[in-house]
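Chain nomenclature is as follows: A, B, C and D, assigned in order of appearance, with residue numbering initiated at 1 for each chain independently.
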Amino acid sequence: MKKSVLLGTVAAAGFAAAGASAATLDDVQDRGSLNCGVNTGVPGFAAPDANGEWQGFDVAICRAVAAAVLGDPNAVNFISTTGKTRFTALASGEVDLLARNTTWTFSRDTDLKFDFVAINYYDGQGFIVPTALGVSSAEELDGATICIQTGTTTELNLADYFRVNNMSYEPVPIENEAEARTQFLAGACDVYTTDRSALASVRVTYPSPDDYKLLPEVISKEPLGPLVRHGDSEWGDIVRWTYFALVAAEQYGVTQDNVAEMATEAGDNPEVNRLLGTEGELGAMIGLESSWAENAIAAVGNYGEIFSRNIGEESAVGLERGLNALYTEGGLQYAPPFR
Amino acid sequence: MAMTDTDTATPQMEISDEVAIEIRNMNKWYGTFHVLRDIDLTVHRGERIVICGPSGSGKSTLIRCINALEEHQRGSIVVDGTPLSSDLKNIDKIRSEVGMCFQHFNLFPHLTILENCTLAPIWVRKIPKREAEKTAMYFLEKVKIPDQANKYPGQLSGGQQQRVAIARSLCMRPRIMLFDEPTSALDPEMIKEVLDTMIQLAEEGMTMLCVTHEMGFARQVANRVIFMDDGQIVEQNEPEAFFKSPRNERTRLFLSQILGH
Amino acid sequence: MSDTHAESVAFVRESVIPPAPPPAKEAGAIRWMRENLFATWFNAILTLVALYLIWVLLSGVVPWIVNGTWQGSSLAECREILQGNGGGCFAVLRERWPQLLFGFQYPDYLRWRPVLAFFLLFVAVPPALFVMFLPRWTLIVTAIYPFLAYWLIWGGTILTPLFAALGVVAGYLAFSFTERRGFVLGLAAGVVTALAVWWIGGLLAGEFSRFLRLEAVVSRAMGGFMLNLVLGIVCVSLSLPIGILLALGRQSSLPVVKGFCVVFIEFVRGVPLITLLFVANVVLAFFLPPDANFDLILRVIIMITLFASAYIAEVIRGGLAALPKGQYEAADSLGLDYAQAMRLIILPQALKISIPGIVNVAVGLFKDTTLVSVISMFDLVGMIRGPILASTAWAGIYWELWAAACLMFFVVCYGISQYSQWLERQLQTDHR
Amino acid sequence: MTTLSDPPHADGFRLSLLVRDKRYRSYTFQAIALIALFVFFGWLASNAIRNPVLQQAGIDFGFLADPAGYDINQQPIPYTSQSSHLRASFIGAINTLIVAFLACVTATVFGVFAGVLRLSNNWIVGKLMALYVEMFRNIPVLIWILIIFTISANVLPQPSAFRGDDPEASPILGVAALTNRGFYLPRPYFTNGIGAVPDDVPADGGAPVAQEVASIANWLIVLAVFAASFLAVRGVNAWATKRQNATGRRPSTFWTNLGLWFVPIILTLLILGLRWEVPELRGFNFQGGILARNSLIALWFALSIYTGAFIAENVRAGILAISRGQTEAAAALGLRPGRVMSLVVLPQALRIIIPPLISQYLNITKNTSLAIAVGYMDLTGTLGGITLNQTGRALECVLLLMAFYLVFSLVISAVMNAYNASVALKER
C-alpha cells in the first residue's frame, strides 16, 4: 500500500546518505582541528593548567598527532570524558582519538570494536593507605573499606585479587578523582586503589603527602594507550606511527631543540633521515606531509622529554621510568623500524 | 414563568416561500441511544419557530445538528441550499449563515465585549478590523449595551451577557438564528431584557429557531410551535391552536405542567 | 419599616453605638500569645519545643556567620585566621566566586557578556508576563532577547543570530500572508520561508564570519550557576511550544497523533531524568549524524527539553480540560476553524489557567538541571563536587560551599514561585 | 430543494476532498503524521546504522549472562563478583526498591507531621513548618543528598576513632555506632526459631545461605503474628461498633486492643529466642550487626525530607480543601473535635491527599536514581553504572534501565487509576 512505498523511500534515502562515511583523516583535515578525548583531570596525564591550557602526558599525544596531521599542535579540541562516556564518545565520532589512560584489554579491542594503537604507559594497579593505618602489604587488607573508581579495569582487578587471596573487602564506589580524594582524606575508606601512576600523581596533591604511602604490591597489568575506532586502519596507522616516531626520536637522540636542525638535511643515520623526511617518502605513505614526524617532535619533544616534563622524577608527580624506559635501557618502550 | 404581555402588537408574519432549512428523515444516535428519530422539518425564510418539550427530548440536539455542532448519522439537512455533509467547505458556509446563542452564553472571557463581537468577522469573514468594529458597535447598540463595549464578559450581568452573545452572532450577518434555551440560565428579572431583544430581532424578519420554555414569547412571536418528545416531533401548529387545543396527549400533559401553576 | 414613631412597639435605632476598646485580656501581645502560642497545654509544649529548636539552629548558625572570615587563600590560612572561633571560612566563596558562577573554562575577560545577558533577562521577561499591563510593542524586547542572549553568551558573528531572527520574522510574515488561504498552507509557507532564510543566512554567516564578531565561546566552556540558568531558561522556553503541541495532540481525535503523544508523554514521565541524561551522554550520539556537531550541552538540552515538554504538556492538558465545552462550541458556531479556535480562544485561556502549573514545572526543572553534574558537566554542583573540593587549597571545606549553593537556588526558586503566586492573584482580579 | 447531502461520492471523488472532507481529512492528517514519524525515526535509525562501531558491535543482550566481575557492597540476595551482570542488575533493582520503600515511609511521616503542624493554630510552630517546607522545596534534592553525604563522611567519626582505651567516640548506648562509613546498628536474630543461628556468628558476619533463608522464615512467623493481632483488633472494633449500634453505647476497647497488639508479639519473640547482635570493632571496621552505609543514609534521609516537604503541602491542601463548612456542620451535630477529624474531615481529605501522595511516591522512586551521585548500588549504580562502564554496552543498558523504571511507574499509575476510579464511584 501507500505506506509501505513511503517507508521504502524513506529508508532508501537514509541508506543513500549512509553510503559514504568519510575517513577520519579527511574529517580532521576538513575540520582543521583534532577532537581528542582526555581525562577529566589527572595531574601529569591530562589536566588544564591555571590558564586553562591542557597539559600532560596524554595531552602530548594529542598535540603530536595534531602537529603531524595538521601541522599545528594547538589545533586540538580537548574533550574531557569520564569512565562512562569515553567509549561512546569515540564510537559515536565525537572524538577522533581517545588518549585517556585506557587499559588495553581483549574485550575492549574486540567486542567494543576499538583499535589500541600503542602502549604509551605500562602501568599496574596499586594501593595507597594512610601511614597511620599501620599496613605494609596489600595482604593485610582483609576486611578493609576500599575506595575505587567505578567502570574501570581496576574494579575488576580488585575483585579478582581479593577473591584469589580469599579476603573480603568493602567497596566504596566513586565516580571521579575529586570524590575519591574527599572520601579517602575524610577516612570514609581505608584504602584507595587505582593505577600506580595516578596514585603517585594524586598523592603529591594531598595536604600532607608523607602521611600516605603506596603499598608495594602491583596487582595487575595496565597497559595504557591511545585508541581509535575499529575499521579505519589508515587513521590508526597515523596515530600509531606518530607515537612510534616519538619513541624512535628518543632512541636516536632527536629532541625538541635539535629536530629542526636535523631535519634540514640528511644526516648519518638513515633511519633518522627517513623519520624526518629527508630521505624517502614515509609521510606520503600515510597520507601526510613528509615533515609530519618533525612537526610532531617539534611540538612536544620526544618520548623521554614528554615523560620527564609531565610525570618524570623531576616533575611534581615524580614517577620512575621503570618499564617505560626504552628497550635499550631495560624497559619495554620499543619502536618498530622506520623503513 | 410566562412573560408578561408587552404592548407591542404581534409583528407581521411575512413568510416567503423560500426555504431556509430543509430537514429530511434525519436520525441521530449517541452510541446506541436513538436521540433523534425521523425528523422532518421545513423552515421558510422569515419563519419563527419555537421548539419545546421535556428535557432530554432531543430539541437541543436538533438545532445543534443544524449548526453541525453535532453530527447526524442519517438523513439530510440543507441550509440555504447548502447540503450539510462532511465537506468542511459546506460546514463553514452553513456556519457563517447560521448564528447560534447558547444557554450559558459562551462568551470568551479573555476578550472584551467588542473583541468578542469582532473576532469572527475579522478571522472568518476577513473583514477589516475597523469595519468589524463599526458593525459590532451597531449591533451592540441594537442590544442596548454599547457602553459596555470595553468591559470583559465577567463584569456583565447574565442578561447583558446573553445580549452580547446575540450581538456577537449578529455581527456575522447570519440569515438564520438558532437559540438554545437562551433564558434558562438567567435570573427572572433578566429574562425580559433578553426576550425583548429576541422579539426585536423577530420583528425585523430574522428566521429564528428557538428552543425555549417561554410560552409567552412563543405566543407573541412564533408562527409555529413544535413539540418534541422522545426524539420525535410530536406536534406542530400555529401558537394559538397549539396552546388552545393541543391534539396529542403528551403535549397536553406537558403544557398543563408548564402552564398550570 | 418606614414607621418611625418613637413610642411605637417597633424599634428603630437612631444613634450609632460607638465602638469600645476590648477588655484588656482580649487585646495586645498577651492576647496574641495566649491565642497563638499557649492556647492549650499541648500547644504550650509545642511552642517550647519549637523555641528550643530555633535556639539550637541560631546558636549554630549565628556565630558561624558573625565570626566568619573572608580572608585567606586556602583552607589552612583560613583556619589560622579563624583560630577555632567557630566561624565560617567564606574566603572560599570570595576566591572561587567566578568559578561558582561561570565554571572554570569560560574566559574571565568575557564574563561581562553572560552577566549582561542575565540582567537583560529582567528587561525581556516582564513584557511576556504583563501582556495586559504593558503596551504590546514591549513584546518586541522579549522577542529579540533570545537572539541577543545567544550572541552575548556564545559569541561569534552577529549574522548568525541575526539571520536566525530574520528567518523567524520572514517565516511569520509568509505565514500571515498566506494564512488567509488556509492555516496548513500558511504554516507550510512559513516553514519553507524560514528554512530558506536560515539556509542563506548560514551561508552568509559562514562567509562573513568576522562581521561584528564577538569572541566565540564553545558550549563546553559553560559552567557553574550560569550553566544551570542557561539550561533552565533554554529548556523551559523550548519545551513550552512542544508541550502545547503535545497537549493538543493528546486531546486530538486522530488516533495516530493521540497515540504518539500519549506514548511519548507517559514514557518520558515514567523514567527518571537521569536516565534521559544518560541517553544524552552515551546513547544519543549514535542516533545523530556524526558529521554534525552535536556536543554534550546540545544533546543535554535536547533531552531536558523533551523531559520538560512532557510535564508541561500534562499541565496544559489540565488547563484545556478545565475549559468549559461551551467555549469550543461557541468558536465552532462562529465558524472559526481548528487552528483559529485554538489560537484565539482555547489556548489563551488554557495557558492562563496553567500558569501556576507551568511555573511549578519550571522551578522543578531548574532544580533538576543540577543532575547534569552526574554526567560530569560542571554546573554549580559539579563545580563544588569536582574542581573546588578536589583542589589542594580548599579540600575539606563544605558547609560554606553548600550553603552558598543552597542560597543561590533558594533565592531563584523561591523568588519565582512567590512571583508566580503574585501574578496569579493579579490575573484573578482583573476581568472579574 | 431535496438534495440528499449524504453521498459525497455522487459528484465523484476529488483530491481536494482529502483535505476538505471531514471523513478523509483525519486520514490525510494521520497519514502525514505517520510519514513524518517514519521519516524522523528512519533518520535516527539510518544514523545509527551508519555508525561504524555500532554497526560492528551490534545490539546484543548476551553480556547479561557474563560474569559481572565487580563487587557490590549491599547484597540483599547472595552475590559474588563471579555472578552474572543480570544478577547484579537484580541486586540493583532490589536496592532501588529498598531505599524507595524506606524513603516513602519516612517521607510520609515527615510530610503528614509537617502538614498538620503547619495548620496548627500555634503561630511559631506554623511558621517553623512553613520554613521547613519552603526551604526544602526550593533547593534541589541532589544538593540535599550531597550535603548529607559529605557531612556524614566528614563530621562523623571514623571507625578508628572508636578504638583504644580512651576512644574519641563511643557507640550510642554501647550498641549503635554512627561512623563516617555508615550506621552500625544491632541486628536481631533468633536462637530458637527454625534453622537457628548459633550465638557466635562467624567473624566475617556472613551466615550460610541456608540459615539466612531459615531466619527469613522466622521473620515471616513474626509477621504472621502481627497480622493476626491486626485482624483480632479489627474484630474487636467491629464487635464494639455492633454493640454501639445495638445498645447505643460503645464499650471501651482500649486495653483489649493494647493487649492484642503487644502480648502475642512479645510472647512470639520470647519463644523464638530473640537476641541482638551488637556491632563490634574488629580489624578495619565494625563487624556484625546491620550496616546502613552513609550512601544509603544520605539518599534515604534526603529523599525523605525533600519529598516530605511536598507531601506536607499536599496534606495541608487536602485538609484545607475540606471546607470549614464540613467541620462546622459536624460540630453543629455535636461531634467532639476528635470525632470530627476521624469521621468527617480525614475520610474526605484522604481522598484528596492520596492521589498526589502516590505520585510523590513515584517521584521518590524515580529520584532514587540519584543514588549514582553517592555510590549507592541501586539499579542506576549497577546496570546503568558499573555494568554499562565495564561492558561498554551503553544502548542496551540504558534501554533496560528505562524499561525498569517505566514498568514500575506504569504499574503504580495503573493502581492509582484504579483507586481513583473506585473513589469516584463511591462519591456518587
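By our rule, contacts are C-beta pairs under 8 Å (C-beta built on N, C-alpha and C of every residue); 3 or more make two chains touch, one makes a residue touch a chain.
All of these numbers come straight from a predicted model, not from anything done at the bench.
Measuring from CA centroids, which chain ends up nearest the centre of the complete protein set?
Of the chains present, the most centrally placed is C.
Need the most distant chain from chain A, centre defined as the mean of C-alpha atoms.
B
Please work out the Cα centroid separation of chain A and chain B, and write it as a whole number of Å.
82
Please compute the C-alpha centroid of chain A, do the same for chain D, then give the distance between them in whole Å.
So the centre of chain A lies 43 Å away from the centre of chain D.
Would you mind pulling out the distance in Å between where the CA atoms of chain C average out and where those of chain D do?
28
Based only on mean CA positions, could you tell me how far chain B sits from chain D in angstrom?
Each chain's C-alpha centroid was found; their separation is 57 Å.
Residue numbers in chain C touching 2 or more other chains?
Touching at least two other chains: 282-283, 286, 288, 290, 374, 385, 396.
Which chain B residues reach two or more other chains?
Those would be 88.
Where in chain A do residues touch two or more other chains at once?
Expected reply: 21, 84, 88, 91-93, 175, 182, 186.
Per the touch rule above, enumerate the chain pairs that touch, sorted by label.
Those chain pairs which touch are A-C, A-D, B-C, B-D, C-D.
Over in the complex, which chain A residues touch chain C? Could you list them?
It is residues 21-22, 27, 40-41, 48, 52, 77, 79-80, 82, 84-85, 88-89, 91-94, 175-179, 181-182, 185-186, 205-207 of chain A that touch chain C.
Mind listing the chain D positions that touch chain B in their complex?
My answer: residues 1-6, 8, 17, 20-23, 25.
Flag every residue of chain A that touches chain D in the complex, lowest number first.
2-3, 6-7, 10-11, 13-15, 17-18, 21, 83-84, 87-88, 90-93, 107-108, 111-114, 133, 141-145, 150-152, 155-156, 158-160, 162-163, 168-175, 182-183, 186-190, 229-232
Using the touch definition up top, name the residues of chain C that touch chain A in the complex.
On the chain C side, the touching residues are 76, 104-105, 107, 218, 220, 281-283, 285-286, 288, 290-291, 295, 374-376, 385-387, 389-390, 392, 395-396.
Which part of chain D faces chain C closely enough to touch in the complex?
Of all residues in chain D, those touching chain C are 19, 26, 29-30, 33-34, 37, 44-45, 47-48, 50-51, 54, 117, 120-125, 128, 134-135, 137-143, 146-147, 150-151, 154, 366-367, 369-370, 372-373, 380, 384, 388, 394-395, 398, 401-402, 405-406, 408-410, 413.
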